[in-house]
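Next come two complexes, and both contain subunit A; in the first it sits with subunit B, in the second with subunit C.
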Partner chain A sequence: MNQPVRPDVPPSPTPYAAPPHGVVGQSCGRLDGATKTTGAIKYGADLFWGRAELFVKVVRSEHAHAEVKSIITSEARAVDQVMGVYTHNDMPGTNLQGLILRDHEVLTSGRVRYMGDAIALVVAESEATARLGADAVQVEYEPLPVIDSIESALAKDAYPLYKAGNIMGGKRIRKGNVDEALAGAAVVVTESFETQSVDHAFLDLEAGVACYQDDLLTIEAPGQWVHEERRLIALALGLEPEHIRIIQPATGGAFGGREDISIQIYLGLAALKHPGKTIAMRLDRAESVRARHKRHAMRIEYTLGAKSDGSLTAAKVTVYSDEGAYASTGPAVMRKAASHATGPYRVPNVSVDVYGVHTNNNPTGAMRGFGACQMAIAYEGMMDRLAIKLEMDRFDLRIKNLIQSGDEVTTGQHIQVATAVECAEAAMGKFREVNGGLLVQPDEAHLRRGFGMSVICFGLGYGDGFPDCARARVAFDDAGKAVVYTGGVDVGQGLINMVAQVAADELGLQLDNVRVVAADTALTDESGSSSATRQTYFTGNAVKLAAEEVKEELLDIAGAHLQLHPHEIELTSGFARAIHVPGKEIAIKELVAQGKKRGYKLDQQAQFKPGTLCEDFDTGQSPRSFVTYLFGAHVSQVLVDIETGEVKVERHIACHDVGKAINPQAVRGQITGGVAQGIGMALMEEVISKKGRILNGNFTDYILPTIKDVPHVECIVLENTDPGGPFGARGVGEPPLIGAVPAVLGAIQDATGTAPNILPCTPERVWRMLQDGTNA
Partner chain B sequence: MFYRPDTFAAALRLKADHAAAIKPISGGTDLVVGLNRGQSLGVDVLDLTAAKDYRRIDHADGSLILSGGTTFAQLEQLDIACLARAAASVGGPQIRNRGTIAGNLATASPAGDGSVALLALDAEVELAHADRGTRWLRLIDYFEDYRQTALGDDELISHVRIPTPSALQASAWYKIGKRGAVNISLVCAAAARFLDGRICLAFGSVAPIPMRAVQTEKLLQGQPLTGALLHQAAQAASAEVKPIDDWRASADYRKAMCAVLARRVLEQLQTDDERQMP
Partner chain C sequence: MTWHLECTINDAPVTRDIPEDLTLLDFLRDHLGLTGSKGACLEGECGSCTVHLDDAPVCSCLTLAAQAHGRSVCTVEALAESTTLDPIQQAFIDTGAAQCGYCTPGLLMAGRTLLDRTAFPEANHLLTSIEGNLCRCTGYASIIEAIQIAANESKA
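Showing the complex of A and B:
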């Protein structure tokens, strides 16, 4: 009523208007949703039907550590329908693989270092005969001592697995003066944590086909980075990359588990040896668990010092990480662990030493969280312990120490937009909506209810100076549809929708007027891996930049048609419209047709390569370790049976600042899935092995959470614009898992009065912890 | 060969004729798991799922007679607490729709949830032969050693007999696993109290066979279930079981849990009067 009278003038047009006005921010259905629902889309193993002519089976080591004395293949070759048996002698290239160090032979020539090492490859006319052939390969081993734990690897007289010994390498942070600060601290808390080996356990097992024809090796198998796979396959097989084409089939989950090469080189070798034939290979669950890399088990020793008012003064952290037999992405995981050792907290004096230790366990590499996950368990566990020692509220202690915008994280990088406090307050606010956050204890004396919280941060992208670039192409096809080309891989997380929605929004189109060509090295440019929570930020930006170029062309075409300056036109809902003149418009489809006749390309490429800076090796400091940081906070409520040790998660709240949710439903899906995986890691998932032999390599015994173990996840999505992200978006992939685990552990501590420090918190571990005050 | 007779009599004939050379299958929750792990069956298969007369539940003489092919999904519906709850704790809905009580008994896993509940109910099992006819055994005499039972190679489990709810005063069940469903028991316990005053107590995953805690039961016979007696029984149960260490759980934990679970299931059998007693 008392609103000021506004002059009746149109708003000033801003050509640089960033806010989305179309499909970005809408929960559009998946473009591949219908075909995934009906089963029409083809996953790796679906490619066998009607195409597979020859099948591959790999002979894997029977020992966790041994010298291979001889490989006799004559009997295997004699098996009916076996078409070929190949060993390291048949490898045309370097025979080496590995994402960071090329330290892992594709087919072992001398020494096997874990039970997944491959020794020979059998090609046959059926899977059954390939298996018979594999069984007939005779391998003579000379067993060597097996190093099956960090402790045994570090023992004084430990057998050296490599010439340089059992320490693979390390990373460190040095900031301020930790010893002095700890000596002067009012309170000091020390604890050690042990995290476990975890399997990625995606449902879509490794499977694919390959064919070598006309000097081109085509491999269709699920990975996470088709262009890097092409490079690695080329090296191992001695081919030029341009003679290899990698096509990603539909993929059901990855979580980092497809980053290391799985079946692609075997498929490639078999295809080279049998030109013109379509080769097929798949792993069953047992082989997948046995052969593939895992999450690093870590031993983390943590000392945290604070003033009597709770201000953190110093953190001294030593981490031993089980790297398994080969490096995989271990060096990068160690760096991520080091740079996330104090999480989202202001700690002026920090000393971190991370050591990678070789064992004869499975190689350990990328998995959702990538080292930052294990550190969050430690730093959040320390905050809970410190709060108890200080008799301070856990929430207040965290708020007091969380970084604010402009503060620096442990690497010295200043964070432009730090929203940790906002996340923490939102998550706790949601928790307090029920009964003011006061828990009602059950009547049964053996049941205890408690809640825990976590606040986490996560550096997005590869970081630390590693080249990180996304490329994209946006073009209109002859039917007038916009086509987005990206080398990025959709592993189920929704990359296809993400790029389509970004392009559609930029071009003013509905989603059904966009289609996506993804992850085919012959058709798309390199866009980096689907990992490091990077695709929305990186490829999203590249797609937006390419679409902006096309948009400029469209506006020029429209300007001539509508007799307006391009700045006076907007693209929306499939039309180019005069901003100030109602009804003056032309369909974009029509513009495309006109433009093509007038010689416009309507086909643009762009790349996004923001760059980071390598850390100082002595101090670990870098002014720009990561392009941006993500923040999140969780609150978890559990019910613990203190007599049996059983834990049930009753409520779980997860708040994540994603910058901008390109597709809110997809974001909530990622958060919910991350929480489920986090509950699994906190309570039940664990690869159990003895002397390098995995004992629970199946889903009966490798315990994944079911729907009965995961409550409805209460998602809070915050959208504080990231200055560099597409439409202000950051990403969401990894942080939900990272936040979930420590919140569950904190809840167990709250319920029982005893803080767990060994994962997972199975009933027996919790029981034992309550018996003797530790779950060792 | 894969046989799929449509009557139980035909199935019995095949089993008698082929003996160990044919393996019965219903839910397949054991055989198929083995196949998935690359184990070869090496024998013919006798599919019992087409035998409609193998899924019946009948009442007779104060007893409930279950056909061997009764599924866990059917057992879940019974008005017998320990059996219904044990059945409901087996696998997930798909497994419960396929898995049968005869399969559970024939496999004789020490962790067989159905077996443990039936032991507490002091059930009897009927073993049938096409020519020799049938014989009834108490379940306590049926389990012999690790995965060894009284079931002959040429026999099938035809029926299981349990007391009807009218003969039962109360029964109880508790299972500890690592997750909320599709769960192998780390330890499970069942107890039943009959109208004649008898109490039976059984455990799973704490011995080579699903076991009755007969020593502990002796303590309980004819006594009111006072708090003191429950405590004593819990200790006795823990001492009586013979668990092993394996990677699923340690023997220590399993022994301790037997004490906890014994008390819990026996508490549920208490009358209101007994609950007041120290």
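Showing the complex of A and C:
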């Protein structure tokens, strides 16, 4: 028998330390691209076809605040084709929902606190008859005073929405001695900011199907965290989680708006009441806006002190956050706001108080930016104002105060790799490429041009001691394809490609030899939510760890086959190759077949669970509140029509350090999309309500940025390796929106000489601001 | 009241008795199972439901199915010829223009119309032709790029 001759080679470096050499870093097209462009892919409402047997409609409150005296369902039950009408009395479980605070009844038992509160559920043979049934439910209300703003909630004689009053909680940071530092500061600037209520406005309205059969309740509806949804649904409906299966259909955007349960418990209740039937439910736009959670509107009072050379000495910040009728994720949003109150700046003395305030407005929840977004508007607005007062250049003032690697942020956490300065310099460098950064003012007297900038940071993951964990499984199927199993949901951000590219790179495969099974509680392990900009870091790491285990097996099998030590073999382009013997190779597909015969599992699981430490209750200090930090910087150039108040964003530069772009095209997509949402928040988007009734609950009146509102965004992607990220990657989801808003606001100030402090800067508001010198 | 509808949908003759007030979008989705066309606002603001009615792009949520009588309707499902994608579909995949993908069918139909009518669309013309299509994910950059690539493909 001819034994292969072992070549005489020097010791080779271990392949495990190798940088990505395959599809990580490549702009591979979306694995679901073909089904998304042919209309074949199925979103929630697409599941109705051929399956829906019964339809659900919810009866919602007609009052923003009232005692429900009676609910009469007899007439509704008598409507032709109505199969059932259900109220809180029919709820088998706790009847409560809410992601962090479970403070919101699924079906109201006594008190309605906003106009989306659900009172009854009608199940019928068609959507039309379900609607007729809903109209026939008679509800008797005893109206109560409506608290429709933070101010009215905090008024001395305000009606208490809850026994404990209208303040639901708070969060504080204490660092150094703020009062002393402010007294000794050469310059002090004080300002207040008002940010608005924003709707997520994903296009894919809440819709899904459910069926209860053989003691298993299966719900197919879009969320952001299938395993947590299963727990919440189980509690509300009094089931054991193992009797519930959640399957995520294709999902058309989320932006935090699907973190709170939407239709799932209604679908589940109807399915339990009508076993064996496929139940369908969807919201229309008006109901979605009326019922669903919003971004927290905040009132931010900010005092910033500095030495005469511009060094920041103190920040005193008070924030009132409109939690709406129910707080749900409110405590976490308040924590994030507090810990990001001074952004990426070195401020030795900090005092932050955040208060959550209940009103009869819509409940609030997660939205891209999660409290950090509102704070960036404030701290960057303050930096602009301070620069004017100091007669310093805005950019120089920022550079002077930005944290460097090793410095600490507000929470006292020392940041290992802080690239705020690099981001700021890259963004400004790009801006100065045109005319040296000098703006040419238009000839028309009514037009003013200006530019603004922002530098932001963002703590990634849940942080603050929350157990934050991702799990993944990588296995080879019988056809020799690698399969990645993840509980993470792809809501459009590209999670499917991210996990596939990480696994493919690790296993030396082309992307078409990997498939992904995602977000099905029966088939995948928990991976945490698609939120907090965490999936690339967390699930990316879990997938990489699982793939590394499978790779060890493959190298073992290859070693036996090629008669080489595993360290002398690399997996690349679908082959196991001898590193030092050209042509000596075996197809990975062949290895898989051989390995399976020889009893190798080629099926491994891994979890990634880096710890964080709770912020101290009294001071908000923590050595490691977040696993890692992201940095970004934006420059925005606007043209303001001072006669009409119209603002047009002409140019926008966004620089983000993502650690490593697993898929550069997807990263750019996140950046340009985040900028568009930021422009929307800065200039046009606002949920307007009066006495708790939303006045613009449709896309005609709730204005979203169109293609003509968003300029070509100049993206700069920096890749400073994160020590703990997969292939050095961090993440990108939220920061682009956070950076965009203050840059646009700063540009308006630069163009007009008046700094806006109320959002959004609609033409009317800008016009008024220019008349009065303020935009209050 | 019912209406006797005779029309062509994706090159196939269709004859149905339908309610008079049925929208074209609901007819396509709920009666024919053509779920590619999406409803997101149902008032003509977002363009997700765009289909071709005799080669003109219309919001199918604002069009009655009865208006298709004697006419020809084309939906995203018919954009590809058997297994060959239309250049605009391929361009959307290549540029990453389909992120969540919900606005994609409407944008493809609007973009296809533009390219059918204008061989060399200027930038402003391109923006105006798809101004009625909202996208919440991409910031539009990749969509513009995709349509420009498809335009170049069509020219070649």
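Just so it is clear, the second predicted complex is superposed on the first by the 762 of 776 C-alpha atoms of A that agree within 3 Å, B and C clash if a C-alpha of one lies under 4 Å from a C-alpha of the other, contacts with A are read in each partner's own complex, and residues count from 1 in each chain.
Note that a residue touches a chain if its C-beta (ideal position, glycine included) is under 8 Å from a C-beta of that chain, and two chains touch if they have at least 3 such contacts.
Just so it is clear, the structure is predicted and the values come from calculations on it, not from any experiment.
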A:A280 contacts which: subunit B (first), subunit C (second), both, neither?
neither
For A:T251, decide between first (touching subunit B), second (touching subunit C), both and neither.
second
Regarding the shared-chain residue A:N696, is it in contact with subunit B (first), subunit C (second), both, or neither?
first
Examine A:W49 and indicate which partner it touches, taking first as subunit B and second as subunit C; both and neither are also allowed.
second
Using the superposition on chain A described above, determine whether A:Q665 touches subunit B (first), subunit C (second), both, or neither.
second
Specify the partner with more touching residues on subunit A, choosing between subunit B and subunit C.
C
Who does A:G29 touch here: subunit B (first), subunit C (second), both, or neither?
second
Classify the contacts of A:F202 with the two partner chains as first (subunit B alone), second (subunit C alone), both, or neither.
second
Does subunit B (first) or subunit C (second) touch A:T706, or do both, or does neither?
both
Take the contacts of subunit A with subunit B and those with subunit C, and give the residues found in both.
284, 698, 700, 704, 706-708
Counting only contacts in the complex, subunit B reaches subunit A at residues 33, 36-38, 92, 176-182, 184, 186, 247-250, 253, 256-257, 260-261
Report the residues of subunit C in contact with subunit A in the complex, numbered from low to high.
29-30, 33-43, 45-46, 48, 75-77, 79-80, 85, 89-90, 92-96, 98-105, 108, 127-128, 130-144
Subunit A residues touching subunit B - in the complex, by the definition given at the top:
284, 286, 643-644, 646, 648, 683-684, 688, 690, 695-696, 698, 700-701, 703-709, 762-764, 767-768
If we count contacts the way the header does, which residues on subunit A are in touch with subunit C in the complex?
27, 29-30, 32-34, 36-43, 45-46, 48-50, 201-205, 250-253, 255, 284-285, 491-494, 665-666, 668-669, 671-677, 698-700, 704, 706-708, 710, 712-713
